[in-house]
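Note that the chains take the letters A, B, C and D in the order they are written out, and that residue 1 is the start of every chain.
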Amino acid sequence: MTNPFDILAPYLPDVLEPFILPLLQIGVVFLGLSLIVAYIVYAERKILAHIQVRLGPMRVGPHGLLQPIADGLKLLLKEDIIPRGADSFIFWLAPVISVMAAFTGFALIPFADNFIVTDVNVGLLFVIGISSLGIYGIILGGWSSNSHYPLLGALRSAAQLVSYEVALGFAIVSALLLSGTLSMSGIVKAQITHGVWFVFVQPVAFFILFVAAIAETNRNPFDLPEAESELVAGFHTEYSGFRFSLYFLGEYAAMILVSSIAVTLFLGGWTRPFQSVGWLDFLKYAPVALFAFCTYWCVAHERKMPRAPEWRWQRLMLLGLGGGAAVLALVFVAVPPVVDAVQGVFWFLVKVCAFLYGFIWFRGTFPRYRFDQLMRLGWHYMIPVAIANTIFCGVGLVLWRSLGWSFAGSLWIGTLLTLLVALLLSGQTEAPEPTVTRRGS
Amino acid sequence: MFYLFNFYVLAALTVISAIFVITRRNPVHSVIFLIITLLSLALLYVQLQAEFLAAVQIILYIGGIMVLFLFVIMLVNLDVVARQAPFNRQWHIAGLAALVLLGELVAALYWGRGTPTLPLAPPTALQPNTELIGVTLFQNYLLPFEIASVLLLVAMVGAVLMAKRR
Amino acid sequence: MAANNSSQFGVETTVLGADEIILNMGPQHPSTHGVLRVKLKLDGEKVASSECIIGYLHRGVEKIGENRTYPQFAPYVDRTDYVAAVSNGLGYCEAVEKLLGAEAPPRARWVRTILTELQRIASHLLWLGTHALDIGAITPLFYTFREREEILKIFEKYCGARLTTHAFRIGGLQYETYGGFEDEVRVFCKDFDKRIDEYEELLTSNRIWVERTRDIGVITAEHAVAMGVTGPILRGSGVRWDIRKAMPYAAYDQFQFDIPIGQRGDTYDRYLVRLEEMRQSRRILLQAVESIPDGPILARVGKVIKPPPGEVYHSIEAPKGELGYYIVSDGTTQPYRLRIRPPSFINLQALDRMVQGHLVADVVAIIGTIDIVLGEVDR
Amino acid sequence: MADEQKKDEAQPQPPAAGEAPKPAVEEKKVAPPPKPAAPAKPSVGPEPLDNELVRRLRARFGTALGDATLDRKQAIVVVRERLLEVCEYLKTEEKFDFLADLTAVDWFDRQPRFDVILNLYSFPHNQRLRLKATVGDTCASVTGVWPAANWLERECYDMFGIRFEGHPNLKRILLPDEWKGYPLRKDYDILKQDTDWIRENIGIESGQ
């Protein structure tokens, strides 16, 4: 549990001591996140493009790798429009709230066992509380634009967030019951002590958390607040330029935040898969494999590029990337402490990325719910199932603690009971039967 | 020193934004200042090392109740005249009440001068206050807690009933 | 709140009574498919009634028709329903042929059938992509456009144009088919069945899709007939009526195909009907491409088209419904009166009944399911 | 070319049943008997029509009907007056349940000036019939008979200025409400367009 920044501690003046280290970490997280967000947008465009048999960005840099930077510059340089009749102060404030709420939450996320800005003992509550402030960015932005599409989008968004927050809360409660602590790193440690990720004993809670997370971040199929066929762009219709990019940043940061929460609560945070299984130790060289693959990919694609001189920079860049990845891979292999040091962050990011991929995948696959259907799903299915799950999780815990049954087994009994409830709830609707006949004429 | 500085900043923020809450003409602005008041209160709780209270304050008041306030204000969509009209018309009575309260406070502080100050608890002693609150609520005061929750339920059902009847 | 809202554009709300609101959609709205403006009267959340305000794209095509000779007007009909230009051309050319008392030679009729069925598929593909997009599924659009591209390539190779093709001439065809035409149609048909399965995989059993379309915008058979609705909407309501069968034109009497019908008359049924129609069109294509007869492609209609006095009404089953041309000739080279019976225009009339009692979000789905092209509604 | 005169092959089935089998290919070759002897070459130009339907109509409405003709094998019946009654009869008794189209033709120097054209279709009989109502500038509205006529009559009013009496909402549909003139009349040409409206509402000078 040594914080890498503690090395600096002796050299700092006493008065500043409590500030410098967190500020450094905040800086790392903030800058890193901004970059990650930019590249998540890139990844989204690329993945969606490949789902939709397109290429996606290809022009700026090799395979469009510099596209996010170009986009960022473009957004910064665009004219900043405040609509006439808008409440300019709130119009200015709203995107800031949105970004702040999303970024502040990361202060409490344990990226690794030694990399967390501040480990508060009510960490989880704080993350949830602060991320729930993000809704103000949406409501106020929609309201202050003085236009109908944004207002409708904001109202929808607020109703949606408030509804799904309940289900989200109940899903979180079951993870809390299992770990017995509100501290984020404590929850991960509880999963290490139990030797099992909570997703394997509380799949229903995980599922509810996942669905609620999609709803909370206004992603497809719950992207009603920004349904472009109905509300143009929802609450940020009137925003342009830098303010718009702030919203964009906030939205994607919120996506990462909820993914991080889900990973911390249910997917074992920074631990590698099956940490208790000794012979899987070779998995710690997964970063090496990843970077080696990057090198291979870069080199392979460089060979496919045209030899024309105007492609020279693109080729050089790709080779440079590949070389960098190769160097990293070599360092990992050559210096074992380094590879051990990045384990936590690596696995954490891998899991978060898997989540984000799911978000993008859904966007490419699903149609959009109607508003009343979304509400019905939330209130009629998600919340009752979440409550049932919490109760049966408690029952399972009692079985485990008092009767001495096995941990996983007793919780699975609870899960099965929850699934029964879910089945009863969903039994009310019948499956669609095809009604179009072709024969005859 | 640092904590003192923090305290004064937060206290000033609380008071000033509270004043803004009642002087703004635009209800949405009032709500925003109310949020700031509540937020700085939450930060004051953090100063007192009552993190749980602070978190609950944020989640419940700021994340929940104030959102509904905003929601209602936007839905009701007061017309322009009503919005321009100040809703704090009873300056005199309010000022009088505030003066009385101030006098009371001053008096209490003045007469209470002699009582010994409470010792500051060492930070470590307060560490697991979440558990403490849990124990207090669910063991020592279980009955009042449950009664309070039933009361809230009754209020909610009543509100739904009244809304339905309309 | 409504300080700076123009009444013309975007959403405008006016509070009428306690729960009555007028909501204005369009003409510049992403999902009204052009410049349709719909005024919705809302009762709380539900739509009480609606009024379509159209004409933003009115170009006076019928008046133009009275001032052009018969062949000169043919390209204009491509611009009415501009996503199904080939079908428009077929209807017009056949109407004028009927007026002349001429008939296109068999080879021309076969090629016309093939191109028109390709156009039906293209039009339905465009509809499917945009309809799914309206309901929030972004991916089908790219899949359907991939296939539509193949069809447009065939059009381009055949007549040099992709969208407003002007593919046919009065009396038959101007161009002989290019080498490999049949093969390309065959290749397209070969893949196309699997491609429809792909769309179905994304949508048909998707729970969200079903919930968004099932029992939305229901129109019963009686109402559909009373409102003059034709095409897939009429068939979705369970009326097995298709002009290709009822009054065969071109070469449709030579091919085997079925007319799919729905039962409930809702958006989901219309979706299934259109998908099945694409499959049936593929069937027609496969039969037609195997049996194209040899022979001339243009009947003897003379250099100057000068029909004897009289009048004719000829209608075909366009992708969107019954597309009719009513032409009155006074014996000169220009029509005395030329009327286009636009399927979109008349189908749009049923919108009011279809949206009543639904939510605003459903209006988007219902406009999508009617499959209008504003160029044809407004002409 | 479809033969649209199949009067005697009645298959009275309600359209709603969805099972109405449509006469397909082979029926086309059966020559409909009531038609006057089919000419060897394609019939072009109007010729008088006298079949069961027309006789029934004449028996019922007498002089309200004008000529009945067959033009390019398509039946046309001229209605001079009592249009609404004729329509109601055709819909209820003769099962012309579908109004395919309603439009008008301006005969400029004729009195009465306009023909209102109603293209009817019967699902049970798979048969079309064209009614031609000769009218001045007012005509009875058939929206009560076929609701589909609503927009079609509005368009007709918009383009020809024919007033449809009894229409629930007779106002312009394609052109702006304040537009002056009726574009499809023969005495309206492009120089007569409403330049004032364009100047006021769009703020440009008309290019004509």
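The definition used in the following text is that contacts are C-beta pairs under 8 Å (C-beta built on N, C-alpha and C of every residue); 3 or more make two chains touch, one makes a residue touch a chain.
Since the structure is predicted, the reported quantities are computational estimates derived from the model, not experimental observations.
Listing every chain that touches chain A and chain B alike gives an empty result. When you average the Cα atoms of each chain and compare centres, the chain farthest from chain D turns out to be B. In whole angstrom, the spacing between the mean C-alpha positions of chain A and chain D is 63. Note on chain placement: the centre of chain C and the centre of chain D lie 22 Å apart, centres being C-alpha means. The distance from the centre of chain A to the centre of chain C, each centre being the mean of the chain's C-alpha atoms, comes to 43 Å. Chain centres here are Cα averages; for chain B and chain D they lie 74 Å apart.
Each of residues 1, 240, 242, 245, 261, 263 in chain C touches at least two other chains.
Those residues of chain A in touch with two or more other chains are numbered 151, 440-441.
The set of chain D residues touching two or more other chains comprises 19, 21-22, 24. If you check the complex, the residues on chain A that touch chain C are 48, 51-54, 83-85, 146-149, 151-152, 220-221, 223-224, 227-230, 232, 363-373, 432, 434-441. The residues of chain B lying in touch with chain A in their complex are 2, 26, 28-29, 32, 35, 51-52, 54-56, 58-59, 62-64, 67-68, 70-71, 74-75, 127-128, 130. Those residues of chain C whose C-beta lies close enough to touch chain D in the complex are 54-55, 58, 60, 62-63, 66, 94, 97-103, 220-222, 225-229, 238-242, 245-249, 253-254, 261, 263, 307-313, 315, 322, 324, 326, 328, 336-337, 339, 341, 345-346, 348-349, 378-379. Against chain B, in their complex, chain A makes its touches with residues 18, 87, 90, 93, 120-122, 125-126, 128-130, 132-133, 135-136, 139-140, 143, 151, 154-155, 158-159, 161-162, 165, 182. Across the interface of their complex, chain C is touched by residues 1-4, 15-25, 28, 41-46, 71-72, 74, 76, 97-101, 103, 105-106, 117, 119, 123, 126, 128, 130, 146-148, 150-152, 155, 159, 172-176, 183-184 of chain D.
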